[in-house]
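There are two complexes below, and they share chain A, which is joined by chain B in the first and by chain C in the second.
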Partner chain A sequence: MVDFARVQKELQECNKDIDVSGISIKPKGDNLTHLAGTIPGPLATPYEGGTFNIDIILPDGYPFEPPRMQFATKVWEYQAGNNETLKGLLVTTLYIASISVYTPAMLCSVALLHMVLTRHPNISSQSGAICLDILKDQWSPALTLKTALLSVQALLSAPEPDDPQDAVVAQQYLRDYQTFAATARYWTETFARTSALGVEEKVQKLVEMGFPEALVRSTLESVGGDENMALEKLCSG
Partner chain B sequence: MEDCTSSSEQDYYCSDQDSLDGIDNDESHVQWVPPKASSCKVITKESLLAAQREDLRRVMDLLSLREHHARTLLIHYRWDVEKLFAVLVEKGRDCLFAGAGVTLVENHDLPSSSTIMCNICIEDVPGADATKMDCGHDFCNNCWTEHFIVKINEGQSKRIRCMAHKCNAICDEAIVRNLVSKRHPDLAEKFDRFLLESYIEDNKMVKWCPSAPHCGNAIRVEDDEFCEVECSCGLQFCFSCLAEAHSPCSCLMWELWTKKCHDESETVNWITVHTKSCPKCHKPVEKNGGCNLVSCICGQAFCWLCGGATGRDHTWSRINGHSCGRYKEDREKKAERAKRDLYRYMHYHNRYKAHTDSFKLESNLKETIREKVSNLERNELRLKDFSWVTNGLYRLFRSRRVLSYSYPFAYYMFGDDLFMDEMTKEEREIKQHLFEDQQQQLEANVEKLSKYIEEPFDQFGENKVMEIRMVVINLSVITDNLCKKMYECIENDLLGSLQFGIHSIAPYQSKGIEKATELSVCWNPKVTNTEKCPTRDYHTNGITKESNRPSGSGSLDESGCSSRKRPRKESTIDLNLPAEVIDRN
Partner chain C sequence: MQNQEGLQADAEMASVTPIQATEVEDWANFRDDDIMQQQSAIRAVEAEKIPLVGDKEPLSSLAAEYQSGSPILLEKIKVLSEQFDAIRRTRGDGNCFFRSFMFSYLEHILESQDREEVNRITGNVENCRKTLQSLGYADFTFEDFFALFLEQLESVLQGNEASISHDELMQRSRDQSISDYVVMFFRFVTSGEIRKRSEFFEPFILGLTNTTVEQFCKSSVEPMGEESDHVHITAVSDALGVPIRVVYLDRSSCDTGGVSVNHHDFIPAISDAPSGTSGGSETKPFINLLYRPGHYDILYPK
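Moving on, here comes the complex of A and B:
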């Protein structure tokens, strides 16, 4: 049984100094076993300026068993044939963004796209799984969700490509750091940079992707300015 | 073959004639010596604790530690006391302890009456409900208990670390046991069992007996893991690979051999080399001579060269209306090679099989021999001691066993599979001759011994019996020596000269496979019962009636044989039958 009293205290504690750490944890749904954490991308890294969402699931044995954490995946759902133009657009966008992780053919073949929008050698670009020792055998009950998230943040600034979760990304990191950094930065700016952009920039970006301006504006408005959600809606529209 | 035997036999007769009395004594010696302390020990459920205590005590005494610290150290060093002491000398006490997660902070302050804040559940708890580990970390008992339960269920109970982050200390097992038993008594038991069995699981020199159904015993050997032992449950096995005892084959050879014998690859090989499938009914067809036009029993005629269906009109050199390419040379070579490999395998396998079969037949001799001996005893001869019969039989079994396993050995030793790059062709030939020479001598003598033992000597007159006795005694000594020599040759000249020493064999033991003795636990009365076990064989064999003669002095026979020196147990009669025979009996 999860120790909810402790989780409650942890959440309070964490959200108290949210201004300092930038790390927040919120319950996802009614009970406290499924949480959503956010961490700011560390400065002087390709992730700077982005906000990264982490899915947290607490196992029954928490805090004696480690929490399960992974980078949130973005899900685009579209029906093949429903809107060919939009589908093509999405595929092109994702293809450019991922640079060779997915081929256009691969992208076209799926109706439901799960994409991890953080590019990092220790994070699986398929599932968002994080390769971090304290989330596995090095977990100690004395650690907290906040300290775990801080470790994830530290991982963003200091990747360990020799112990990779995603071999493709790790290889790119080791062989061609420039391209890796550029891609990671592009992903951060495209998908993780929500609050930092002004409305006009968001509109412009979505219009550049090929959506009609009026539609972009109304969609953005309807989702409260969240660029990603707007993109999602536009695509599935 | 016949020449070879008679000549070698003559040699032995000449050289051994004058020392006949000595041999006689030796032979009895094999049997009459009461079991000495063996280097192999059987560890039963009851004696496991005592076995562990021995090692714990040594470490506790030397380092003046408490038991749980000693155990933590030993688990970390896989129960290798020598290695532990070596690390102590080399790196010092602190390093030794830190590496294994032992912390000795003797600050046992009395539990403070004030409350403490548990960092795990983030609650204030009274000091009495909290526990401080040796490393100084203090958490509430509830959290400790939860932690222990999770870890034991994860199977990590041998090394439960402290809850504090990056604290490498291993928790005090007494505290674990105490706290867990309050909530889950069965889990505490499991924890205790894990700790106890760690002595077997984590220890290079101790292994579970591979018997199935499991007898519950483990075997501990002293200095050498390459040996063959017999558990008190009766199972004989190779300690190193846990398969049946297979010396002089190395473990790898034996593994390959059993695999080869089990799978049908050779049959398949044969079929591909010798047959072609009929283009109509697809049965494999073997060509039994004649030209290249073959016809299947289904009536279909086809070309042996390409396998294509043809008509029946043909000359010696061509088939009407059919032409196909010529033989492809590499294919022919491949077929040649497969054929050669197959014949080679069949050669060794047939001999291996023949000796194993002889074994099975000879094991029936036990009964008839017993009868013969009692007949002889009734005959009121001057000769009263019939131990030579039993000894001869025992020697026959032992040598037969060596002989049969020597064939798979030779198959791999002189084949292309294992040592292709280690010997030149010439070296290999020389070694093969050397080995086969010995093998043949042994074979001839074993057959002779078998023949004499099977003679109906209980029907013979006194003089004839004496004559047979002499021959059997002589042959026993000869075969023993030949086995000894063969092992020496294998260890020194064949395997010993290889670059990579991955092939080690259990040394030859003239007395048969060593029986592990019960670990003596003086304070456990149960053991005295089980300690009688080895003598049980006497009665079941029923042929060692005059078994209370005093033991003779040391002799050439006693030394057993090996280039390696190790303490050896003189055991009672021991019929080392192969596993399949034991199964049947």
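Moving on, here comes the complex of A and C:
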């Protein structure tokens, strides 16, 4: 049984100094087992300026068992490719938001090649799972949701590519840091900033990608205004 | 030349990448959830073998365990049985020291009804609370654990509504949630004491793990299931002012050929040791634990 009284206190404490930490935690539904956290990207990193959404699920044994945390800021990966044709196409999708050259169908076939979240060696590009010891065996009831989110934020500042969650990204981090950093930065700017956008800006952005406005509006509404979820839904038809 | 190498590398990448991709996918199938589920399944199997706190058994059951084992150990158990007549086993889940300490202490209070000792330790618990606050711990992280320990302490004292019997104490100590809350209380107390006196503990911690005091507390004291060492025992004994005797059962033998059983008394550094021992006379611990490499159980002296 989750200790809800404690969770309640945790949320209050955390949201009290939201102006200082930038970290927020809100309930996702009517009960306190599913929460949504946000962390600001740390300064002087490719994640600076972004706001990252963390999906939090509290297991029955909380606070004895660690909270389950996953990155939920969804972005699309381009394949750092070995196929020349694909490479050109995919790289271009990075700019798709501003230059709508491709039809939605083309965009989808490209985007669906790889759906990832936040580009980081210790974050799975498939599930958003975070490789962090305190979320596993090093968890302690002495920690809180907020301190866990602070550790996730610290992980963004100091990746540990030698203990990767995502081997491919870790390899790029080690072998070609420039490309890694540029990609991570681009994604931050393109996707992790959008949560702050107004509805009209989101609609406009998706329309610019080539989706019909009516469909964009209804899709956005159906996913509660989450632009990335809307894009995912639009792409999956 | 460099270009060629580059191309070759690219070509290699091209042929290697798809394989890697599937490998990564395979690994991705082992989600943390799955791994943690498996760990709890392993714990469940362990749980069936022995409760968190076992029944009192005659010391002969210990000898039976080593029947075909090392003769040194059998000799030592013989020596042990001159001083102790029973053992109570605890589950080997990494919390065995704290759980042994918990049961042994509460059982002592239940049997002795030593109110003076209860008042004394309650004062020390308050100090521990202040220590944690001054170290910057948010109250809500530790208050439930403190409250639950004090509740147990209150309930083993007879004569009030909440009083419990020995059977009830047994039951509570085997109840995972109550038992774990008390273990976590001790972990907070231990961590607070180590951090508060970090200069004193630093050299020991460096010798043990080569990490900082802060890191040690975070990774080896505060998480459940992390095993205890001399550092933990010293800290919890000092913080609560409770002396602890640890008797060592291992294969070491002394030069003279005779077999003796070593023990170490952890005597609180702070001078407010239990009452009745004033005047600097040697404090005899009422908590006796048996240490076998990697595990602690409770011993009962004759």
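In this section, the second predicted complex is superposed on the first by the 151 of 237 C-alpha atoms of A that agree within 3 Å, B and C clash if a C-alpha of one lies under 4 Å from a C-alpha of the other, contacts with A are read in each partner's own complex, and residues count from 1 in each chain.
The rule is short, and it goes like this: a contact is a pair of C-beta atoms (placed from the backbone, for glycine too) under 8 Å apart; a residue touches a chain by one contact, two chains touch by 3 or more.
Bear in mind that the values here come from a model prediction, so they are computed numbers and not experimental data.
Once both complexes are superposed on chain A, the partners chain B and chain C clash. When both complexes are overlaid on chain A, the residue A:227 reaches neither chain B nor chain C.
Put simply, more of the residues of chain A are touched by C, taking chain B and chain C as the two choices.
Contact with both chain B and chain C is seen for A:141 once the two complexes are overlaid on the shared chain.
In the superposed model, A:3 lies in contact with both chain B and chain C.
In the superposition on chain A, A:168 makes contact with chain C only, not with chain B. Aligning on the C-alpha atoms of chain A brings chain B into conflict with chain C at a single listed stretch, 130-138, out of 4-12, 130-138 or 238-246. Contacts of chain A with chain B, set against its contacts with chain C after fitting on chain A, overlap at residues 3, 6, 9-10, 64-65, 140-143. Every residue of chain A that touches chain C in the complex is listed here, in rising order: 3, 6, 9-10, 13, 64-65, 68, 82-83, 124, 126-127, 129, 133, 135-144, 166-168. Remark: chain A residues 3, 5-6, 9-10, 61, 63-65, 134, 140-143 touch chain B in the complex. Chain B meets chain A in the complex at residues 119-123, 143, 146-147, 149-150, 163-167.
Listing the residues of chain C that touch chain A in their complex gives 10, 13-14, 17, 20-21, 23-25, 27-28, 31-33, 35-36, 137-138, 140-142, 144-145, 180, 184, 187-188, 191, 218-219, 222-225.
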